[in-house]
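I'd like to ask you about the structure that follows.
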Amino acid sequence: MKSLMIGVALVLGCGAVSVARAQSWSPPADGQRCPSKWGAGDQRGSGNHMKAESVLKAARLIKTGEVFEISHVLEAGMPISATRRFDVHTKRTVMNPQSNRRGSNEELVVSEIGQVGTQFDAFPHQTIGDSLYNCFKLEEIQTRTGFTKLGVENVGSLVGRGVLIDVAALKGVDMLPDTYEITVADLQQALQRQSLALQPGDAVLIHTGWSKLWGKDNARYMKTCPGIGVAAAEWLAKQDPMLVGADNWPVEVAPNPDPQISLPVHQIMLAINGIHLLENLKLGDLAGKRVYEFAFVMQPLKLKGGTGSTVAPIAIR
Amino acid sequence: MKSLMIGVALVLGCGAVSVARAQSWSPPADGQRCPSKWGAGDQRGSGNHMKAESVLKAARLIKTGEVFEISHVLEAGMPISATRRFDVHTKRTVMNPQSNRRGSNEELVVSEIGQVGTQFDAFPHQTIGDSLYNCFKLEEIQTRTGFTKLGVENVGSLVGRGVLIDVAALKGVDMLPDTYEITVADLQQALQRQSLALQPGDAVLIHTGWSKLWGKDNARYMKTCPGIGVAAAEWLAKQDPMLVGADNWPVEVAPNPDPQISLPVHQIMLAINGIHLLENLKLGDLAGKRVYEFAFVMQPLKLKGGTGSTVAPIAIR
Amino acid sequence: MKSLMIGVALVLGCGAVSVARAQSWSPPADGQRCPSKWGAGDQRGSGNHMKAESVLKAARLIKTGEVFEISHVLEAGMPISATRRFDVHTKRTVMNPQSNRRGSNEELVVSEIGQVGTQFDAFPHQTIGDSLYNCFKLEEIQTRTGFTKLGVENVGSLVGRGVLIDVAALKGVDMLPDTYEITVADLQQALQRQSLALQPGDAVLIHTGWSKLWGKDNARYMKTCPGIGVAAAEWLAKQDPMLVGADNWPVEVAPNPDPQISLPVHQIMLAINGIHLLENLKLGDLAGKRVYEFAFVMQPLKLKGGTGSTVAPIAIR
Amino acid sequence: MKSLMIGVALVLGCGAVSVARAQSWSPPADGQRCPSKWGAGDQRGSGNHMKAESVLKAARLIKTGEVFEISHVLEAGMPISATRRFDVHTKRTVMNPQSNRRGSNEELVVSEIGQVGTQFDAFPHQTIGDSLYNCFKLEEIQTRTGFTKLGVENVGSLVGRGVLIDVAALKGVDMLPDTYEITVADLQQALQRQSLALQPGDAVLIHTGWSKLWGKDNARYMKTCPGIGVAAAEWLAKQDPMLVGADNWPVEVAPNPDPQISLPVHQIMLAINGIHLLENLKLGDLAGKRVYEFAFVMQPLKLKGGTGSTVAPIAIR
């Protein structure tokens, strides 16, 4: 199918643009992308931006101490992939026999806890074939109980300058349309409108408005979403961020406008460039108050060998 | 045994102090402890200290940007209560059919995730009979899938001044002895030695050295531990902290020297005073570098109706 | 509403029947129903029918050796209560390092395994207030990990004469109407039509045809169902069966025609009379071939302290 | 490698014993073992013996109706592989709001339910490299939620002649020694002592006495065990049984006397010959009463795509 389309393009004398359209994006070969810019064997990728300077830069952005909780509550009614669960079973109260009548409660949670709610993607989450970030190979690092390399426990807290890119506001809408692909120009214009420039090490959060559907129309929330595509992802990767997040479920547009490829931004960010993703953010308050630059703080759980972590990040100004 | 001791005390004409020692501590009646000082119906307790001022105070303590991860890795080999689990099942890789060969990984976690690893206790965790913090009643707020009041999702990120009280250093040991009860004098002398005074809203972390056993002698780690007792807990509660944490599993001494009562500090802090607890901290680096005052940042997961959350807090100086 | 209707009935001089209709069924007091006819402290109830004679009676009914599997497959697409799960996670293949290249597979199942699919109800499953079969009390036998009395592990295999009562065939339909309450007369006429009489110790299986919806219209299958009501249940209990089963989810009609009561047949059978229930049977083959009398064999799992067991019973003729 | 070693052995004139020691058993190539004797594409293997005749043969063995429960209770204190769980969480009682005060109980079970307790092995459980029974390939039939072929739901109830081979009694011991390999001669002599001959389609159960350790010394129970080795397994496979079971955890001797191979009998039975295994049986009562021939009945759960099932089989005489 692919080669047929290329053939037709050539016969018809279509130009480079048409050919590019006809061809699907495909991930680079291992040799083209490895070792990563952070060095052979590196497991931290964009997490390497987390350093004392990054913390100091964030601290300097704290002016009023106002905190914005930018994660959703983890609860039964939240949007969730059909293959994932978030089940909480409150155990029966245990009454201890001693005289102070101390009762204890706790809950069993059964969940893909690395990949539910507001969630942070670590590098084992996505592959290109059998190859992951920095060309670690599945068969070398997979076990039944986690990955021996690249696990989310390597990340640690991420603290740095946070920047909100409000594409919805740029477009003058509350919420971008279903399946809208955010372009490079959108990002650049939104930043210009906000009088901000990205810096290496930023936590870049994109406001699409999509989370207005959270808990209200979960079916629509999960079916598609507006978000960045291949071009915007490649541009963002060049800005060298600490992570890229959005208020939708995959950061990127879904489904991809090219039906032949599946969530390519996941590969571009996680596998190819070693840049973490942060999904299902709750950005309405930041956008509503036009808080575009802030201290970003996030603490992924140290799940040994984990593919990610549900998180509860904050923005502070 | 109890009545016998009281009888002897009376016969010998012992004063009130002796009688108090002979008698077990017992929790106050509901009428004596409710409403809490934070007001009837309050669900946040010591979490009310989390305000813009608390954040600004913390930010001012950030001088070098050095971050200390004070949580343990969540893994199979960690100490854990016999009635709890931390099981990670890495699901089989799904290879998506599209041309970009995107493979997806995720893990199912089965765990009392609110009560494993470095863990933060919310108020539904502990009762006095059928009564909880601010006299919410078990039968009114319990469900199969969480608590309708007091759940950890109400807490949000906690940012404030953190103070390490190094009792092990005061005593000139790496690790306090098994079942050692930390006294009020210990806390006061340790603070004096560190030239620090507690302030309302502090995140107070107590270094016992016990976490040296973590992952090395889990059986001993869980069997007993040094920690604060009733007297030190009541003194700490009067200092009005944001939370009290330690590098052992229950913050408090275990078992309690009085065999008739079970973990009374849990009731004193959570149920009576509405003060959060933070357990299984990793404080060796802070203590080793004598970092006694710092910015404390912690993000509990927003588990709706949850009794607590495993956490990954940091200290920043 | 209830007392008003009784008042009206008395004023109008209505007879006993009318009053009975106006009043909801209510369970007898403990003193009226305990000890059970099987003796104080008995935990087996109708399972006491399982004896050598019962097995011999069943064996004599085996004429051709033809086996009918009367359970459904346990799978993701089956009807299930909204509060229950049946999740299978096939673990990653482990390849053992030895020279014979032996790979091992196994699956983690997360499920209310006692109460999913074709399922057998043991006595801890249902209460009248805080009282269970033979007046065992909830607070005396409940633990976090099972019941100390009445657990399904006490039951063992049940082998006996099985009788199918085909009410759908009596009515000349494939499937009884939604919410149809099977009457005593229905049962008696169906037996007469089949030239059969019930005997003490029988496994009585009622064919409603409802399982035609299984896996095809799960929402309708679970929303309501035809089945026996209070009167038919009380009549069946007097026949002294080993168990009562049906090809619907609760054996009984749902919802009960009297909106003031919830699944009363569960209390009549399990709590009051100590008769086991067997739900979600697949009886189409038996009914289609008019197999009305057969050897019935069922092996509940020995889940210590369990409320029931998913099962895979058979009928043999 | 194998042929080379044989060549060397012949040249050097080494005896049969030496050659056998030098060479490890290795599984046959796919071409040598497929299609299975039950035909290409067959998924039932020895389960094909389950037919009306098998049932009639079993029924004829029922003389007194006495039932022997030959499975263990599923409970927390049972021996279990370190990588498996059997966790029961009794959910909080739900009290329904209607007037009949009906309370409901149920439990969440988290377990490798196909591979715990007295357990029946289906064919997806074991591989030779990437190849399973009848040369189905892992990559063709595996999914995250079960196997698309060979799943235990295909088996159905197994009813047939059961034969107990009491090797412990032959040896005049209660329990065979740790790591004792049962030989072909042992099986033959034990049968001769019992005046019995195996027939095609038999459920063959081997009594080693090992289950005396069950729940009493679980560590020893799981560490090693007496059982059949390669030679006895190959002899048994030629007898064409419906299944082979034992009162130990892997049916076979463990570890295998040849340290270069891992549980070869699993491959011989499941993958090569398509014969089911039945583990962790409780055979003390049968052996104690010298019940050597009986009706065997077992009902595996119909876990779609499952690798096996915990079971509660019975023997009837």
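In order of appearance the chains are A, B, C and D, and numbering begins at 1 in each one.
Here, a contact is a pair of C-beta atoms (placed from the backbone, for glycine too) under 8 Å apart; a residue touches a chain by one contact, two chains touch by 3 or more.
As the structure is a computational prediction, the values presented were derived from the model and not from experiment.
> Go through the assembly and pull out the chains touching subunit B as well as subunit C.
A, D
> Over half of interface residue numbers shared between subunit A and subunit C means same, under half means different, so which is it?
Counting shared over all numbers used gives more than one half: same.
> Upon optimal superposition of subunit A on subunit B over Cα atoms, what rotation angle is obtained, reported to the nearest 5 degrees?
Nearest-5 rotation angle for the superposition: 180 degrees.
> I'd like to verify one number: the distance from the centre of subunit C to the centre of subunit D, where each centre is the average of its C-alpha atoms, in whole angstrom.
Centre-to-centre distance between subunit C and subunit D: 31 Å.
> Once you find the CA centre of subunit B and the CA centre of subunit D, what distance in Å lies between them?
The answer is 49 Å.
> Residues of subunit A that touch two or more other chains: which are they?
Answer for subunit A, listing residues that touch two or more other chains: 85, 87, 89-92, 108, 110, 142-144.
> Quick check: in the complex, which residue numbers of subunit D touch subunit A?
Those in contact with subunit A are residues 83, 89-92, 108, 110, 144.
> Give the list of subunit B residues in touch with subunit A in this complex.
24-27, 50-56, 59, 62, 64-67, 69, 71-76, 84-85, 87-91, 93, 96-115, 117, 124-130, 138, 142-147, 153, 156-157, 159, 260-264, 266-267, 297-308, 310-314, 316
> Can you tell me which positions in subunit B touch subunit D when the two form their complex?
85, 87, 91-92, 94, 110, 142-144
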